[in-house]
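Here the structure comes first, spelled out in structure tokens, and everything after it is commentary.
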């Protein structure tokens, strides 16, 4: 497998704080790479750097062989990186369909409005929002908004999907539902880079996992390797969830 | 479920032939709304002419100007979500450029007005590069600042007559067949500009560009992450929203025969167009029309009413407050809420 | 069909009307009931009203065997040009005004003139001295006031007597009238060998003249000519006094003519004003009341002495009345011809309009005076100080 | 040279009053993210209160300041509950329009009651004359009162319980709410305070210059400029911004025609906005 995304020596500071510091890793085509780490480890900053919301201080980001460092988010999106946000950012006044159409229109495919409408309808249907197409996004439940977040990202037909804690705040049934959805997305050929705190989920979904701590890479490897890595355990000391979830993981 | 996702994505991925421009046009032409606009414009243009009612013409002329202002303002406020308080600067600058070209250089009125529109559009693009980096209230204030700075500049700009402004001599109407004829011609042109503004609004609203603008209006950061090229779209719409007001300004001040800084860059007029927009309903194409006609009628009535002439501002203010607090969607928002079916007919 | 109906209606009315034809003549105009020109415009409006009531009390205007009662239709233009055009159009198209009076101030006159010309209505221009409007090829405008170019000529004459080497500061409102006056006077002053120490214009809404007065002090000027209208002029006079600007001569346009100017107290003393008319003038009118009769009548009715705006308003009505009576018709074309021929003296002084198409309607006969506020027996009074043959007191320098 | 100095000193004196006028605007803006477009109209209300007070009782205009403060505060609280409360947290357009409509109502009522003729509050204080240049006593007095009120406001926000509550709500409304602060009441208090400040500045301006019902507009525009110079929600910054604006005006007038001052002012305004959206003096946030 070739690397779809390559992050090299990436750094970003806010004031005196190193949010991300000299970070390097790659995401291979077709895999699900999990990104974990305690709060404030720099995970969301990393996502913001990758999709161009903020520029890095140093380092390179190469996507599909093209250097996209410092490109604005809409160019990055057009190249095929889509993102579902941790804090949901639906376009509240627009309907579900229109939300997805925005994704389809301005994503990698650069679809016409009519094509986008068709594509958006199908994707909305597929994440279970088919019957709510004309509902304003603001009227959806939390779970609905999460789905919308996903659907909108998918409508762009990205090559790489950044998922930022899409499971947070969902109940167990909804989580199970979402996990299946994510698996489906991967099967359709989309590479996924995901941040998640629900350990059971990320351990079961990810092909590989990168652990961040204080903006630096603490460890990288297959889920089981990560779970047994003493550095990781130390970083999560006091956070027994990691140990228990890993033990419970298949 | 997972199967359906992969299928859907795969289906969406399958390359489709793009709709050609001509095809798109044809599709639009089959919808009722553009024809409604055309019919409305024709009615406005012809009724006072056939009835030979000059009073009606004058009242409709003002309404046409207001519709043009409110409808173009809607592109910024309703669609892109940028509150442009200094929108009148386009109207005033366009007026100055058009009147100047028509008097000093004896340029044909239509050409002068088009030139005014294009120049103002270009200037707006340049201003936009600066002030569109600001968001929310800061942008609103900056537009006020731009309007006031340009007003102060024009007040001191002697080629344009400084504070005195430019007066048209009666000869200026000769190419149009004398003053009486000239007024009719200005009126027809202004009504046409109104119709074109509405069609522009409709075209943008039903286009991909419009969808992008709506996304920006809802949440600019999210829109950018979704791939909407936000700086370019904002600059374009700011520039485009200046074109027709500038053309209308040129025609209006030519018709008035005088242009001076206080009336050309009157901040109150700017805010009045926002009031009309809110009254009729932002984000719709029909809203500005309804708002402008209602407001013009109301204002006209209050202005000459013996009882209310002293309270016109109070009543207009109270009306605005009620709309803002209780009917933020304006007339169209209320109507669409009542009769959702109408959405298909009245954009 | 419509015509027939109209004829029918007219016939019916004629049948019902009493034998002596008493008809109504509608005169339309706007006044600044609100806005910055409120004070000046109100005086003019009172002149109009007094004339109307006098005419109607005497049975109306008699022309061609009919007598016309005067009816006014007027609106508030808020001192704004945008409203003026809208309202004059309405006056003509909806209220069917047969004749028009101008609004107050040159800027608004110019704005209204466009509409009256576009519709071919005769408009008597009272509150506008600026001349540019009459050089645009208009046919139906008639100006009563002496043009802006002559406004400060008298003040310069006076100044020449007192101090031929005076350094003059021009400080004037940035509006068509004041600007035209200042620019014309500046040229006259240079020809007369005065030094122009400073030239500053200020926007119409100015309330803080501190920066300008500092510049006046820095320039070392002896005399200040300029001003604009009531609101800014009275403020300027007050602040000149408060900041002790050390000027020997101050002539301001318009503002000091108003009786209200006396409320400034000490700040008013010595301030002079070019005036179209003062109650003390002794013109012998061809028709209508004498200046003294008018002053008495006006003071009784409004409890305030008339300034020149009031007299101008009254005279405007008289001139129109005279032209209609001479023409024997209310046809605008015929009335305009009479106005073109007119050369009369009213309480306001002589009136004659230019007929050269290049400046048609411009006033070419009326003369101005200079008045100055002085303290007499502890009371503030306005004395005529120029020309010499008409003066009631010597100028304070 | 002395001419320039005199001009600058005049600028500082008037600027202090501009600063006070802007303080009310910036407080409301900073605390509840509402740009009060009725600010100018409220300044005018302050002017008329002082006018009627002095003409009815013959008392000195300066004695009226505390009363103006109290009336302004009460009016502000009422205005908040009528027209502002509902639009808190809504898109910026809504609060702009809500306050603007209020502006129309106040100006409309004022015009009906007092017409648009100019009014004067006769105050006379001995001034200081230096080499032909006179600094009037009213200017000096107004500047002094402005500085005293600014200092009082600073101390109020810093050291009193309600002041601290306002600051807490300004920095994070949700957190303040969670800590048991009744945010709506605090907001209404802040709005009342802002309106009171605007009224007092109007009262002081009335002692300097004549005014009409429509005078507020230009002071409102100046307040915008000052707020942008001084930074949002920052009373100390507003005072500095006001003085800065006064100095710019004072420095500009000896060298350029007075009619160019607005170009300089608004040019500066737009450029400052673009370059420093948070204001030049934002670093000194109180």
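For reference, chains read A, B, C and D in written order, and residue numbers begin at 1 within each chain.
Here is the rule we go by: contacts are C-beta pairs under 8 Å (C-beta built on N, C-alpha and C of every residue); 3 or more make two chains touch, one makes a residue touch a chain.
Please read all numbers here as calculations on a predicted model, not as lab measurements.
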One chain's C-alpha mean falls closest to the whole-protein C-alpha mean, and that chain is B
Relative to chain D, the most remote chain by C-alpha centroid is chain A
Chain A and chain D have mean C-alpha positions lying a whole-number Å distance apart equal to 48
Taking each chain's mean CA coordinate, chain A and chain B are separated, in whole Å, by 41
Multi-partner residues in chain B (2 or more other chains touched) are 155, 163
Going by residue number, chain D touches two or more other chains at 111, 257, 259, 262
So chain C residues touching two or more other chains come to 174, 201, 203
Every chain pair meeting the touch definition is listed as A-B, B-C, B-D, C-D
Listed in rising order, the residues of chain D that touch chain C in the complex are 3, 6-7, 10, 14, 111, 115-118, 120, 127, 129, 132-134, 136, 139, 208-212, 214-215, 218, 249-250, 253-254, 257-259, 261-262
Within the complex, chain D is touched by chain C residues 33-36, 38-39, 79, 174, 200-203, 205, 207-208, 210-212, 214-215, 217-218, 230-231, 234-235, 238, 242-244, 246
Contacts from chain C onto chain B in the complex sit at residues 75-76, 80-83, 85-87, 89-90, 92-94, 107, 110-111, 114-115, 117-119, 132-133, 135-138, 174-176, 179, 201, 203-204
Note: in the complex, chain B contacts chain A through residues 1-13, 16, 18-19, 24, 206-208, 211-212, 214-215, 217-219, 221-231
Counting only contacts in the complex, chain D reaches chain B at residues 29, 33, 35, 83, 86-87, 90-94, 96-98, 100-105, 107-109, 111-112, 217, 221, 224-225, 228, 257, 259-260, 262-263, 265-267, 269-270, 273-274, 277
